[in-house]
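Both complexes below contain subunit A, partnered by subunit B and then by subunit C.
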Partner chain A sequence: MSDIHEDLARIVGKNWVSSQKEERYLYGRDPGLMPPHEPEYVVMPKTTEEVQEIVKLANREKVPVVPKGAGLSLTGLVIPQRGGILLDMKRMDKILEVNDKAGYVIVEGGTTHATLKSHLMKHYPHLRHSMPDSPPIATIVANAVIHGQGRLTQQHGFNSDMVSGLEVVLGTGELCRIGSCAVSQYWFSKGPPMPDLTGLFLGWFGTTGVITKLGMKLYPCKKIRDAMMFLTDRADLVPDIMRKLGRTEMMEDIVSSFAPLPLRLKGNFNILIIITGDSEEEVEFKRKMAWDTLWEYFESRDGGFLSVPPDMKPALLAMPSKDTTRFADTSKGGGFEYSGPITPIEKYPEFIAKLEELASKYKLFYASSARVIDGGHSMMFSFSYTFNRADPDSMVRVKTALDEAAEFALEQGGVIWKPNIDEQKMVMERMDPNTLKLMMKLKELLDPNGIMNPGNWEAK
Partner chain B sequence: MQQYASQIHRCFRCGYCKFPTDYSSFNCPSYRRFRFDSYSTGGRLWLIYAWLKGEVEWSEHLADILYACTTCKNCTEQCPMKFAGDIVDWIVGARSDMVEKGKIPPRVARFFEAVHGYGNPLKLLRSDRDAWADGTKRYEPGDEYLFYVGCLGSYDENAQKMSKSLAELLNKAGVSFGILGSEEECCGNEIYMLGEMGLFQVLAEKNTQQFKELGVKKIVTLSPHAYNVMRNNYSAAGANFQVYHYTQLLSDLIKKNKIKLSQNKAKVTYQDPCFLGRYNKIYDEPRQILQSIPGIELIEMERNRQDAFCCGGGSGNFVMDLLAGSEDSPGRVRVREAYETGADTLAVACPSCLTIFTDAVKTEDLDEKLTVKGISQIVMESLSSK
Partner chain C sequence: MLELKFDKSKCADCKAVSCLVKCQYMDFDKDTAKVEWQKVIDGEDCRVLHDCVTCYSCEEYCPFGNHPFYLIVERQEEKGILPAPRPVITMWINQCQPVGRFMVGKVEEKALSYCFLPIFNELVKGKLFDGIWPSMIFGQEFFCNAVYLHYARMSVIKDRLPKIVENIAKQGIKELVCLHDECYGTFTSIALAYGIEVPFKPIHYYEYLHDRLKELKAEIKPLNVKAAYQRNCSARLIPETDHFVDDIFGLIGVERVKREYDGENGLCCAELIRMSKGPKLADDVQKRNVDDMVKFGAEYCVFNCPACYDSLVERVMRAGIKPIRMIDLCKVAIGEEQSQKPALEGMPVLKAAMEGK
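Then we have the complex of A and B:
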């Protein structure tokens, strides 16, 4: 047993560290398509102090540290490119405080969306958070770190916009509080009226520090939720439809889906509209707003509302949507991956054309869903393709298609969401050189030994 | 099951299987205990696939990971994929490959040796199998039911109390039944789940043959494990008898007023055994029994019915205990949860749950506050003298 293993065991306890092949194998890969690379150690810290000790040890030994939530970002962001210590954060899973009056929650660095959802349902049924459609084991911190989107993103922006404070172990092992919590016992603001320093950690994929606590805004959980479905077969109309719906400021969520299955919906863009209300009157009013907003398309026979059968509604309203995950088994292959550029909504038709073009070029089964962000300033458009884990050729084809999709998205003026290390390079190549320089300076400042998730956001 | 090698790559490792329906806590007992992803369903399936592909070599650690699964079927209940119903078969399939190659953890090997040599995993004498029975009649052709007691019910001091009370209740209700006594053989449920298919076949055939020779038409089992295997896995051995779990029979007898109950004041919470609940969808009868006893207040644990948290004893772990030794051991987690309901009694319908929980309440220092009892014992204590 190496000295580092023993040091880690001293820090977290021997049951919470492994350097056995089985753990190294598993934590060396995610369900996506990036090549595996194994860590030497897998560690599960329980406290902030343990994380600090581990990062200090890693600095002394010049060993990489890679924080991991559930590893579901699919783009290899938790694959330890240079080995080292993999920090499985999921034992830091507490909900530390719900401030009902100010409407925020403080969670630990590995608390899952599952834990928060069930905690709120049980103890604060009038409150909710922005639940992504990723499987519920996904962690709240990691989702914010990759600028995830959830069910409240249409109304309130990226999930990272809802962050209201951080506690971070910097790449040097120092502990830092960010936001109102740096000067007050309250975690209501991530920065304002001071400089917003959360930008030093969100979007950085763990390369600047390990987030050990996070404040997240909570929102009213209305008593009634309903799903409406608007169908059109014209991709060129989808941007206007989504924008108009967004500008009503009344819809919880707006997502346009496109897939060759089920056959009865083939060729159609299915725009899911979720509305909420505390009374039937409120819901009915919003329903009418959606109808009125889209009436012109109905009149021109370009689209119409699909009457959603009651037995379909639970699946449409489920948080998270299990159907999103089920896509992985569509071709009985156990895998799918998506490139999800963030882009202006107006690009929807071009992206749809590319989605289909790539599917036919590489013989892939596809689906796409586009979620409106922040009332329509942008959308996340997913190029999703399934692959078969037992068929390496299908994996290569999907990877190639996604590389092309990423290139295309950048050409179209989009920005790649949760980019893998190759896509990060594509982004950095296009980046304003001074911006890139600033990024690299900040990174060096926060992680002088380059031990934090190395390989990511690396310019050289 | 042979199909597992061509299907197992389908797991996406999404982790839905770690949870109960409301996501309130981790519901895969081995993941709850060890917390490395390797001990979750998805991790286990990926490691099996890696082993099949030759990317991971066999090791004792790999085998421990495989055998730490209690085959509780929470994953089957929660996995959103179409193959959900096959997951446990895949795990059992991989175990049977390991068994065939002679590569299993020593504790599992000892379990097989004991069942093979002694007819029970506890390595106790066959002749002592009916030491608990105290005059309980042997099965004779013409009896309506064969009471199949099982290994724990025969040998374990606590589980014997369940067997005794059930035999007494059946006698009082005038049910015609008998036991096999020292002729009884292990049911093979654990042997099947642990992947020793050769030994399982021998047991299934031997038991079926014996039941046929005696003209058995109906079997009532103490253990949900025996109920499960005889009902679902004996058909290849030519079984053609009806199998009941004792809670089904008791519930029926109570409804028919053949068992009369009187006041028994207690706050009771109930553990759904995996092999009764998730495997065979029997959720109501045990509750109906408890609710028919005047004075008993049934309080549900947060995780119940198809979401019940396994005691950690499945797949032979009531003997091998690969999940023991920690405050995160499933039995200990579950008795804490039972105690938090405010109940004074944890009712069980399974002798494995009984042995695991009886130990767990002691370790958790709850033995003064929470009593673990079989449903047959509770009914026995509630019998009306009229």
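Then we have the complex of A and C:
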């Protein structure tokens, strides 16, 4: 057993570190398509101090540190490209504070969306957070780190926009507070009126530090949530439909789904609209707004609302939605990955055409769901393909299709969301050179030994 | 090519033009109705083809059984008139297309048809179905397709129905108890109107329930309640089955309230109206319907069709009336549990109202 193992055991206790084959095997891969690479050590810290000590140790020994939440981002972001220490954050799962009046929560670095959701339902039923549709074990911090989107993204932007403060262990092991919490006991702002330094950590995939605490804004949990479904068979109308709905500033969420199966979805763009209200009048008013907004498409017969029967509603309203998870196993054998560029809504028709083109070229089963972000400034468009892990050929076909989708998204003026290491290179190649230089300088400053999730956001 | 058995001369001799004059959604006096109907016959573009809410009622209003509604549907399709938004029609056509996936139980000569409605699997429990279940069929391959009448797609019905009939016959079924009213309407009315031979005997489930209740008479505890009855669109294709409602109610001690919107004057559940004409008319129809149930003191609203139930369940409950399906009502009368309780999770507004109380 190496010294590092012993040192880690001394820091976290021997039950929470492993360099056994089994753990290294499991922590060397994620459910997506990037090739596996094993860590030497897997460690599960419980406190910020332990994280600090681990990072300091890693600096001393010049071994990589890769923070991991639930490992569900699918694009290999938690695969230790250069081995080293895999930092599994799951034990740091506490909810430290809910500030009801200012409307935020402070969670630890590995707290899951499920934990927060149930905590709020039980203790603060009038408050909610923006739940993504990933399996509920996904962590709040990692979701913010990759600029995830959830049920409130249509109204309030990326889930990372809702961050209201951070505590970070820098790549050097130093501890740092970011946002209002740096000068006050309150975690109400991630930066303003001071410089917003959260940008040094969000979107960096753990390459600049380990987030040990995060403040997240909470929003009113209205008493009533209801689902409406609008269909159109014209891709060219979807951007306007989504934009118009977004601009009502009345809808909780707007998601357009497109897939050849189940048959009821085939041939149409199925736009789910969630409305909320504290009273029947409020819900009715928003329902009417949705109808009025889309009346022209209804009249032209190019679009129409589908009445949603009561037995269908719970599935549409579920948070997280189970649909993507169900889709993920369509090919059986547990394989699913999506490329989800962030792009202007107007690109929807081109992206749909590409989705189908790639599916037919590589003989893949496909689906897409596009979520409106921040009232319509952009959307996340997913190119989702399934594969069977026992069929290597299907994996190659999906990977090739996703690579082409990423290339296409960039050509179209989109930006790749949670890019894998190859896609990060594509992004950096197109990036304004001075921006790239700035990024690299910042990275070097925060992680001088290059130990933090190496392989990611690396220019060379 | 299957052709509608429509006899122009019957319309020529008709003085009442009931098909249009009695319509509850379009206003016609006899004279304008006569002119308008002639346009439909001649295949001219006219108001009816655009304004029809597809409630099927004119099939019942026509005293000659001359299929005015099927003619309207044919004409709408010929002219490419869309009674509902195109994507909604596409959704229906795709969703119910036969794809070779279906479920059959231990099929015997007499079998239950669930059509393509999984809800029936929950409903057909208990003594009422002893002796027949699990002789059942379910799936798109057995789906009656009548719904396309709402969408001006008689071509889909004509295309799929003969095969559906064949699929059922192939199971060796001689008597088919149609749990979905529309199936019975399809196999008796539509099939007849287009000369499609049906080599098995369709039995309306009301008739089946009535016969079973007579056999279980000793177990019936009269319910002594007043109920409003919600007539559904396909009941207009088979008005001859309506007496079973009274027969069943008579056996189980339910009074069918004599309200304004029952019988020939019944109102559509209106969810299809919402999808085709928008919320204003649909809300108005639903409100008038439920207000009428309240006015006549109904304690229950009894549903035949699962779609009507879904459309009206929330409104009915909010009016303080208990929604119940006919099968469940019969079950309760013989002391069994109601299998389908309204799912509050799917009615968020009502749920919030109830939690607020």
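The rule we apply is simple: the second predicted complex is superposed on the first by the 460 of 460 C-alpha atoms of A that agree within 3 Å, B and C clash if a C-alpha of one lies under 4 Å from a C-alpha of the other, contacts with A are read in each partner's own complex, and residues count from 1 in each chain.
To be clear about the criterion, a contact is a pair of C-beta atoms (placed from the backbone, for glycine too) under 8 Å apart; a residue touches a chain by one contact, two chains touch by 3 or more.
Keep in mind the model is a prediction, meaning the values are calculated, not measured.
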Fit or clash between subunit C and subunit B when superposed on subunit A: fit
Touching partner for A:18 - first (subunit B), second (subunit C), both, neither: first
Which superposed partner A:44 touches (first subunit B, second subunit C, both, neither): first
First (subunit B), second (subunit C), both or neither touched by A:344: neither
Touched partner set for A:309, first subunit B, second subunit C, both or neither: second
Touched partner set for A:301, first subunit B, second subunit C, both or neither: second
First (subunit B), second (subunit C), both or neither touched by A:103: neither
Following superposition on chain A: angle at subunit A, subunit B versus subunit C, Cα, nearest 10°: 70
Which of subunit B and subunit C A:90 touches, first, second, both or neither: first
Overlay on shared chain A, then closest C-alpha pair between subunit B and subunit C (Å): 15
Shared subunit A surface residues [contacts with subunit B and with subunit C]: none
Partner subunit A, residues of subunit B touching it in the complex: 6-7, 9-16, 18-19, 22-24, 34-38, 43, 46-47, 49-50, 55-57, 59, 61-62, 65, 80-83, 326
Touching residues (chain side subunit A, partner subunit C) in the complex: 223-226, 231-233, 262-264, 266-269, 280, 283, 287-288, 291, 295, 297-298, 301-307, 309-314, 317
List of subunit A residues in touch with subunit B within their complex: 15-16, 18, 20-23, 25-27, 31, 42, 44, 70-72, 88, 90-91, 112, 114-115, 117-118, 121-122, 135-137, 322-323, 325-326, 328-329, 332-336, 388-390
Touch list for subunit C against partner subunit A, complex: 82, 84-88, 90-91, 94-95, 97, 99, 119, 271, 274-275, 278-279, 307, 310-311, 313-314, 342-343, 345-349, 351-353, 355-356
